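The structure appears below as structure tokens.
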Amino acid sequence: MIQITVIQIDNYGPWTVTPNPRRENDLQALQSRLYEDLNLMFGMYGGLVFYTRFDNLIAITNGISLEVHKKIQESVRNRYPFTISMAIASAETPYEAQKLATKTLQEYGSAQDSNRREVLDVANELVNGYVQIAHIDINNVTGTFTDVYSAYDTYLKVNEVKLLLMKEFLKYEALLFFIGGDNFMAPSNGMNEEDYIKIFDNINKKLNLDLKAGVGIGKSAEEAANLADIGLEEIRGKRVDKNICILKNDKFFKEVLRKGKSCGL
Amino acid sequence: MIQITVIQIDNYGPWTVTPNPRRENDLQALQSRLYEDLNLMFGMYGGLVFYTRFDNLIAITNGISLEVHKKIQESVRNRYPFTISMAIASAETPYEAQKLATKTLQEYGSAQDSNRREVLDVANELVNGYVQIAHIDINNVTGTFTDVYSAYDTYLKVNEVKLLLMKEFLKYEALLFFIGGDNFMAPSNGMNEEDYIKIFDNINKKLNLDLKAGVGIGKSAEEAANLADIGLEEIRGKRVDKNICILKNDKFFKEVLRKGKSCGL
Amino acid sequence: MIQITVIQIDNYGPWTVTPNPRRENDLQALQSRLYEDLNLMFGMYGGLVFYTRFDNLIAITNGISLEVHKKIQESVRNRYPFTISMAIASAETPYEAQKLATKTLQEYGSAQDSNRREVLDVANELVNGYVQIAHIDINNVTGTFTDVYSAYDTYLKVNEVKLLLMKEFLKYEALLFFIGGDNFMAPSNGMNEEDYIKIFDNINKKLNLDLKAGVGIGKSAEEAANLADIGLEEIRGKRVDKNICILKNDKFFKEVLRKGKSCGL
Amino acid sequence: MIQITVIQIDNYGPWTVTPNPRRENDLQALQSRLYEDLNLMFGMYGGLVFYTRFDNLIAITNGISLEVHKKIQESVRNRYPFTISMAIASAETPYEAQKLATKTLQEYGSAQDSNRREVLDVANELVNGYVQIAHIDINNVTGTFTDVYSAYDTYLKVNEVKLLLMKEFLKYEALLFFIGGDNFMAPSNGMNEEDYIKIFDNINKKLNLDLKAGVGIGKSAEEAANLADIGLEEIRGKRVDKNICILKNDKFFKEVLRKGKSCGL
């Protein structure tokens, strides 16, 4: 079970243009600050936040209590010109969890309902569960893109990869987010090695570039992300002979992967 | 002529994994802080920065001197664990300008050359010129997506719109960036009303949703963005009868638009 | 027992002038950002940080584990151009605790020893214990100073109050910090109502102004500070007939105050 | 003539306790962020801000236009849960300038008048003028305090030095601010070498420690601070044989110092 929190700025659209459209520089600074803050605060309890649309963010929050959520909600209220609503849900797959969470939020009213403020609710239950994250990276993006093509052409290519990855992962009810550079993170509970390989083959055929992924399985998003990073370094260091390296925290999980062969075994 | 600055974190990839992979929460916080800071600092001189890939950013910097660039570069060196390189270029179209800027940067060495640090150079010339920005927005995203579909489904839809817009705008040598929510900004010097309408029609046919855009033409990115915002409000307020409203700062520009009919005229 | 963490930027002095003196604006921005970050991160676990000298900070950290300290230390390393060292100690009084913590830090070498990096150690033991904080406030600073005297004259007056308070509180082995406006916070485990009253009388005689204080006793700095704030509001609301209101969290403490009469009792 | 801007958070006191006292961690984070932001924004135009009481800040703003002030005020409105008021004044001495600025602000109503919002006014005139800043530093604070005494004892000592310096400088209508570590900055237009030496002798007699100061004279706070820093390094490098080194930017100033002997001449 993965626990997902959907975060939404309350009635943000109208605020951005009241009484006059606000300076875009300020909105960009404000949104990226919120993203940063949420990552620092949830991160203190092992959570990980993705910026998504900036006004609607998705976080992995396994093991994080309602009380901690409340504190974060209050801290935003105390330091920002707006408030945020949050709904938490858990499910077997990340897609299902965020869907349940969104539904709970929607039941309280529209994102632009000026009476809906600081919702904090749980769709089903808070879980410890586990988190599986794939940290996906383009091989040699520096040599084949950054140093060769224009900044925007590389950016466009990264966006093509991103959209294709989003669609491929969705088939497995997994999510996919861009985390900067040539890197993506896919919360993907339940997927196995073959699943990732199949996706990367598809991308390779369509876009003619190679991907690799470290996959981590841990009790929190942070632990999973750390393990995924180590897996990626195993591949970079050629200590494994494929483009996927799955690592799990054995102290906490015995039987997680469907067909689980841990990297290097 | 539009002036574009390409900003690149020096040798960032290796740093993120030395001596061990760094915590993803911290990298996300660090990257979004850099983006925020750059927007605040360039914004003080009318510039506007887009986060692009976070390690490679694109800024519109008409009217901003080399000296101001130098100060920003120094401020990053003083407050971050890394340094940044920057190259500035001007051209008739945003695409051409960023291409020239990237080329200048590449001539100094690889993005991952540990000896290339704090490049600051100008490809051709610093200009005042003018900036044309379209602020593009999905009609009623709240009622048709945010309040109805799951957070991730809406996000996926927004990404489809984004990629399609990127490709369409590129035909005009214009750039396109996502700025949060259901909003995009397209630096698009030289485009006219018909061009935008054609693009929105294409999107509508393929993705079945309606777009609107305020377009601003000003002497700086900030002025252009402000005018674009006002144009968008003109459309929202139904004070124009189409989905495009182009506004220019007449104090500075007489003949800018190719076939320029100003919004409401 | 109160638990105190002394935080020190490693080898900061030399860094500020290498290779040339760094821009003061940047140093101020950097230092205040560090202070902010530390407060947000320790705050997620109920801790409270005082900026002290900015390069040497003092935090109340009851109940905060070594592991959390380590995470914060690592997060600073990942996002700042410098690293920090930390030593933790507990004692009956705040003064004694910070003294022990400082001593532990000093044993590892000079603050400007370039080989001493990222010390993290515990002087004696990590405790839950309890925290007593007085939130001290000048009566009607707005009417008698801010609106009447110049900004600097008021500031000077506040500094006189501060230094006198520091010296008075030290007699009880309590610490005192300025927290903005006309507000001070005194970590002051073991002090009782009479002690505070005596200090305020002294200040009144010497500086001719009235102080009030809410005092909170809780299991964390955050809880103590919250209770202190409530106490202050009790006084402001004239629901108590003196200038001191001590509140404790009875769920956790039975017999804490030496002569403890709880506010309103 | 020095130009000073007094900045005040509007109606901040009541806000901090409405509807309930806000979490102190958040207030500290919020206040230090404001300070950071103001320094970055004013700094882009050569200004320098001192945190003073955090809710009332003092900035040196020579050469900074009303338009830039307005942009900063708007940016705070767009990103913070409160607004700020500002008044600008110029005078021969820093003390006089801040006094005039405060008076202008006070004429608009109380700091806690809920109807007074976003005042922006000029007491007399905006000037280019010049800025004289002394960057004062304790000799070998590391060896004699930081590495020897407890963190709080050193802090107390620094506060004693600070208050004494404030009073001494006030005799010359100069201001003094703590900027972290063992450092102080004194905006001190019109003072000469002998004046500083006399003050340092007084401090030495009373507190038994040695001070040194680089003094910079420039057309902006930033330029003055930079020159002061260089002066300080001249003293540290023993390239001057006294504890004061005054440097001025000769490109802009011919006759500034009353008895001006430039350092090293």
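Going in written order, the chains are labelled A, B, C and D, and every chain counts its residues from 1.
Just so we're on the same page, a residue touches a chain if its C-beta (ideal position, glycine included) is under 8 Å from a C-beta of that chain, and two chains touch if they have at least 3 such contacts.
Note that the coordinates shown come from a computational prediction; the quantities given were computed from them, not determined experimentally.
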| item | value |
| --- | --- |
| Between C-D and B-C, the pair joined by more C-beta contacts | C-D |
| Matching chain pair for A-C (criterion: over half of the contact pairs shared, by residue number), options A-D, A-B or B-D | B-D |
| Averaged-CA centre spacing for the pair chain C and chain B, given as whole angstrom | 44 |
| Euclidean distance of C-alpha centroids - chain C vs chain D, Å | 24 |
| Set of chain C residues in contact with two or more other chains | 23, 25-27, 29, 33, 40, 43, 75 |
| Chain C-touching residues of chain B, taken from the complex the two chains share | 22-23, 25-27, 29-30, 33, 74-75, 77-81 |
| Chain B residues touching chain D - in the complex, by the definition given at the top | 37, 40-41, 43-45, 68, 71, 75 |
| Contacting residues of chain A [partner chain B, same complex] | 6, 8, 12-13, 17, 20-21, 23-29, 31-33, 35-36, 39-40, 42-43, 48-49, 51-56, 58, 95, 98-99, 101-103, 106, 110-112, 135, 142-143, 146-156, 158-160, 162-163, 166-167, 170, 175, 179-182, 185, 222, 225-226, 229-230, 232-233, 236 |
